[in-house]
Amino acid sequence: MVDSLALAVSVPLVGGLLATAIPKRAQALGLLASLVAVIAVAWVLVGVWQEGSLRSELGGWAAPLGIALVADGLSAALLAMAALVALGVGVYATGYFRRGDAAAHFWPLWLLLWAALNGLLLAADLFNIYVTLELLGLTAAALGALTGSVEAVSANLRYLLVGLLGSMTYLLGVALLYTAHGTLDLGLLAAVIQPGPVAASALVLMTAGLALKAALFPLHFWLPPAHANAPAPVSAALSALVVKAAFYLILRLWLDVFAPVVTPWAASLMGLLGAMAIIWGSWRALRSERLKLLAAYSTVAQIGYLCLFIPLLQALPPGSERDDLFVALVLMALTHGLAKAGLFLAAGLVQRDAGHDRIDDLGGTAQNMPATTFTIALAGTALIGLPPSGSFIGKWILMTSAIESGQWWWILVILVGTLLAAAYVFRVLSRAFNLEPTPRRFVTQARTEVPALLLALASVAVLGLAADSLWRLLGMGEGA
Amino acid sequence: MAQLLYGGAGVVLFALGLWAFLVYTPLLRKLIALNIMGSGVFHLLIAIAERGELPPDPVPHALVLTGIVVAVSATALALAMGRRLEEDEGGR
Amino acid sequence: MTAGLLLLFDLVLVTTLVGLAIAALISPDLRRAVMLFIAFGLWLALVWARLRAPDVALAEAAIGAGLGGALMLAAARRAARRASANGGIDAEGGEA
Amino acid sequence: MKSAGGLVIGAFVLLLAIWLLWVVQTAIDIGAGPRLAEQAFAGLPATGVSNPVTAVLLSYRGYDTLLELAVLLAALLGIWSLGAASPGFQAAGAVLQGMVTLVVPLLILAGGYLLWVGGHAPGGAFQAGALLGAAGVVMRLAGDERAGLPPLAAQRWLVVAGVAVFVLVGIATMGLGAGFLAYPIGWSKWLILAIETAATVAIGTTLAAAYVGGRPWSHADVSGQS
Amino acid sequence: MSLESLLPVSILLSSLLPGVFIFLVKEESHILRGVLNMAGALIKLLLVGVMIWGVYRGEVYETRLTLAPGLDLVLAADALSVLFVTLSTVLWLVTTIYAIGYLEHSPNRSRFFGFFSLCVSATVGIALAGNLLSFVIFYEILTLATYPLVAHRGTPDATRGAKIYLAYTMSGGVLLLVGAIWLQAITGPVDFTQGGYLGVLSEGLHGPLVAVFLLLLAGLGVKAAIVPLHGWLPQSMVAPAPVSALLHAVAVVKAGAFGILRVVYDVYGVGLADQLGLLTLLGILASTTIIYGSIRALSQDGLKKRLAYSTVSQVSYIALGASILGPIATIGGMVHLVHQGIMKITLFFCAGNYAETLGVHNVSQMDGVGRRMPLTTLAFSVGALGMIGIPPIAGFVTKWYLGLGAVEADAHWVLLVLAASSLLNAAYFLPILYRAWFRPEPDSWPKESLPQGRFETMGALLWPPLITAALCLIAGLFAAAPFSPLEWAELIARREYL
């Protein structure tokens, strides 16, 4: 019995070990491990596509004593996105880190981060989630500080501490649940959980801890400096994947495990925080002077969009409408993930070429790099939510649901957020239009520009036009 | 009764650590605070594992063991980052 | 040993533990704070031994209090050295 | 510490503590059962070890421990990426030196003992590894810049050893047709011992290297291209 | 997939794919870029020819892609879409020739032509959109693809114009989006249906339907430049002449007007729209725009600005036609979609020629241009007279049908609007013609660049306005011939009012 779920975690892990042990070959080994890991993830994806969901009991011990890995449509979709982004980031990194030394530090940590991410998405055990969260947080902070500049190290030290605070808070929630219910398995817990002070407190504690890690407004303060000062491939992974991973857990808890505990008031509060994140994040992105800071603030806003779904999902009874809304949420998360990865990778190229990333002074540089400017434009399209990107469809369904459930006020938030997003995206793009200089060719460095462009393109064209297959992937997983 | 007494102590430790984390700015103090917060949670887990006459529940023990190692790893990384900052500031 | 005596013993253990934690958290001198933290860790190990968790007690003493404490102590010593170099202005160590 | 803000935070934390105390009591009342204890003891014979904590750590929840070792490794990699280690302390006096020659072998011996008894008595890889690490710390304090560690190239292999053996065992059991980390009956005890040995070495090396606090003997620039 | 389902998407791809490749073409490869451009334009023309023939015979062409449950991207060809598709395709071909000549020596041509092709693809997508979702998708893509063209020159003026353009169209876009979503929340997914599909809804929903209409109208009105949402159009005249010509005479403003036609006829249905009082509202807005645009045009000295305000005014004839109940006015409105397009593009081509050849940008500099550039000025005169409504040029046909329709519907005030507008048209166009033909030439032109060919200017710049001017005459003279725009508009009206 070959267990694709365990492989999805252990392949990048082994890659990380090899890259640690043999630093001279770190890049080659890392790329090789990335390829194998992508195959493992594809295997999981095929399994979920055919079976609906996969479960494997590790160590031969069934839950609650053992730990299980579970892949349903949601985790499979996010795994696939992580694999795509990771592949893009990996190829990009070979062109980005010119010194072997930097690459030798990047690869082991990066592969461990990927392993943690896959582990988190597949985890079905509360304490195991804690361990993956810590692995994720440590590798992310270490990677973020890789440039070694004072800004990067201090921002990521703050990120590390905030992450630890979040983990501790989360762990207290886990301890309460184990005290009351004697199990750590998500599925078993969902079966026995009852509304009451313990469940409510555990949910609040865990959500607060995860919200810190997901940079949910008003706990987002650490994100912009940490993401803006990291090396570009790391920023891409942090913004696209690490933050989303924490949000994924919030989603799991609120929609699956704690569904009977969540009240309309609590869900509306999440929506409200999301609304504030959208407005605040977009506004700060608009006012940012640096491109990477803009992208980082836009991440704060995008997490807000995902939160808007929670009150609407909570209000809907199980059925096809709720399923549609749920898939729309996933679609939105995937689109943002790919788009934000593309945007950060492109921003890194602009920064490297110009020596800075001040938006007001980007004129000639951006113009001279058509492929990179295109990447920013495509990613921007997805961030605004314009067609044909996946987030357009997500937004359409979100707004439909807001109208149908009578919670029309969210629409106003979405509209304002959309216009603000358009303003900040086009503020950057307008720098790319001059008659001179005329770019020599479309692509200047294929190894870095093409992965960025493909990621952004995937967020716009693939997720937009092939969104229907996501319904099939998740529809089976959700057992609609 | 022991469960409640020790578990309550765990919660108190958690709260004390949280308070100190929020109130102090120096890195080392924040780390002490975080470690005491963590110890509080671990303490709660150890407390509920104790079952009087019966042998204690080994699962929380194992969780805490894992937690201790994770906490010390994070502390070590944070201290190294702090030292890097000190060196940079000292070099200016 | 009667139950009452045991409870008293427990109470003393817990009170000392919390007292050490408070002392470690609010001690004005950073190096003493770390020392107190180490003492707290060792006391915690003792309490856990009382709670029949010898494995964890060993680990906490060796890893949590021992190595964690050693790391912090080194940092505190550096901070103190720096503070004396700066004329004692920045006694609290690096900013987070 | 700003007094007004500190007061607000203090009040908030106090309320939180009271609320949590009540919740803990409620939780204990709800869950006053055996939780997982009985199952853990019932499964013990199949694990090949008699110390239940070791059974949980390496058999029932071995996967957690695997990732935990990865966390430790990640922390060290992070520390290494931050730059070179600072120079060690000046050579210690004769008294300390004498103590080192006594203490270090003792620590290593105790580590080996703890590792061995971990299967049936309190102890195991973490405690043993911690003692090895402590030996390194003592040597560093006594003036050995390397904290008794081998050269970097060998260190790299040692620090990955724990996770490597663990994950390879997992993949191997999977290849044998059992699940990931599902040790075949009869092999269990020895596989666990092998994993624990590797883990002990890795933990000891990692902790000592973390105490050294940076990449030794390499001063190349680590900054990325941004 | 059958041939019938492939045709609409092939028409879309015939400009999209060349567009994508053009981006990748090196700046120096003039010939490759030209070949890609022309091949795309010709293939599209061919495919559209097939489609015209098929739709005339009643064939159904439909490409359908399910994006999500209930959300289908539909490209379908009915008579109305064919009208718009044909217009854009023919004018794209002509404008491509013009643009190749116009941008001969200017930098960043790959970027320009790439986005130019994307714009045409988006316009064709709008024309073929088979439901409101598809319409919104292409409508937004059009916004995105035109922004780089407006900003193309990168001067502070261009950046500012592009910013204003974007602010208007994005705001309009989100209102349209909300309207479309609200409507779909009420009805569920429904394709455009001749005669509308909302008539069957209960009266209780009439309140929301009015609100939805206002949202849709606000969104479409921005691109159709209906007062007070027209502010972006004069500002966007900083764009290069081919952009102003194709996009601001044809693609963008027509997309808005076309959308209004779709909403009135194929979503609400004229009956329901009239019953809800929406036609009256539309009529008032359109009339106001017609008069206001003409008055503002009077005082513009910049030739392109004057043409822009003229566009503001003329595009609303289409909405006016839709607002009058009855098939004859419908024909007038629909046929103006084509007529206004070919007339206005002629005028913009000519304005571009004056600017390129002589450096003439303002009306006050146009004394005697007719002697210096007789052929261009001849084309300009045809376009201008057509706009005023002089027979036998195409514009006359429009005004005649609108007038007849107004009489038929007893909306006599429309005649007043038409008369006033025609007078104003004359007042701002005739002085130009007078200057051009009858004033003496000045001693020197502002910035004359001598043409290298036999004609008054480069051939690539001269032929397009002559062709479109000829089309204006043909559309007017042979209005009754089969497959003329008028005949086709009658076909649509017959099917709508069936």
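The first chain written gets the first letter, and so on, giving A, B, C, D and E; residue counts start at 1 in each chain.
Simple rule for what comes next: contacts are C-beta pairs under 8 Å (C-beta built on N, C-alpha and C of every residue); 3 or more make two chains touch, one makes a residue touch a chain.
Only a predicted model underlies this, so the values are computations on that prediction, with no experimental measurement involved.
Visitor: Central chain, going by Cα centroids?
Guide: A
Visitor: State the chain with the largest centre-to-centre distance from chain E, centres being mean CA positions.
Guide: Measuring from the centre of chain E, the most distant chain centre belongs to C.
Visitor: With respect to inter-chain C-beta contacts, which pair, B-C or A-E, contains the greater number?
Guide: B-C
Visitor: Report the inter-centroid distance (CA atoms only) between chain D and chain E in whole Å.
Guide: About 71 Å separates the centre of chain D from that of chain E.
Visitor: When the C-alpha atoms of chain B and chain E are each averaged to a single point, how far apart are the two points in Å?
Guide: Chain B and chain E have C-alpha centres separated by 69 Å.
Visitor: Just the number, please: Cα centre separation of chain A and chain B in whole Å.
Guide: 28
Visitor: Roughly how far is chain C from chain E, going centre to centre by Cα mean, in whole Å?
Guide: 78
Visitor: If I count partner chains per residue in chain E, which residues reach a count of at least 2?
Guide: Residues: none.
Visitor: Hunt down the residues of chain C that sit against at least two other chains at once, touch-wise.
Guide: Residue numbers touching two or more other chains: 55-56, 59, 63, 67, 71, 74, 95-96.
Visitor: Could you pull out the residues of chain D that touch at least 2 other chains?
Guide: Within chain D, the residues that touch at least two other chains are 20, 24, 28, 31, 34-36, 40, 53, 60-61, 64, 68, 71, 74-75, 78, 82-83, 126, 207, 210-211, 213.
Visitor: Sort out for me which residues of chain D touch chain A in the complex.
Guide: 19-20, 22-24, 26-28, 30-31, 33-36, 39-40, 43, 59-64, 67-68, 70-71, 73-75, 77-78, 80-83, 156-157, 159-160, 163-164, 167-168, 170-171, 174-175, 177-183, 220-226
Visitor: Give every residue of chain A touching chain D within the complex, in rising order.
Guide: 1-3, 6-7, 10, 13-14, 16-17, 20-23, 56-61, 64-67, 96-99, 101-102, 105-106, 108-109, 112, 115-116, 119, 125, 127-128, 131-132, 134-135, 138-139, 141-142, 145-149, 153, 172, 176-183, 196-198, 201, 231-232, 348, 351-352
Visitor: Could you please specify the touching residues of chain A with respect to chain B in the complex?
Guide: Chain A residues touching chain B: 65, 127, 130-131, 134, 137-138, 141-142, 145, 148, 150, 153-154, 156-157, 160-161, 164-165, 168, 171-172, 175, 178-179.
Visitor: For chain E, which residues are in contact with chain A within the complex?
Guide: Answer in residue numbers: 23-24, 26-27, 65-71, 73, 106-108, 110-111, 133, 136-138, 140-141, 144, 147-148, 151-154, 158-159, 162-163, 166, 170-171, 174, 177-178, 181-182, 184-185.
Visitor: Under the definition above, what is the set of chain B residues touching chain D in their complex?
Guide: Residue list for chain B touching chain D: 3-4, 7-8, 10-12, 14-16, 18-19, 22-24, 44, 48-49, 51, 54-59, 61-63, 65-66, 68-70, 72-74, 76-77, 79-81, 83-84, 87.
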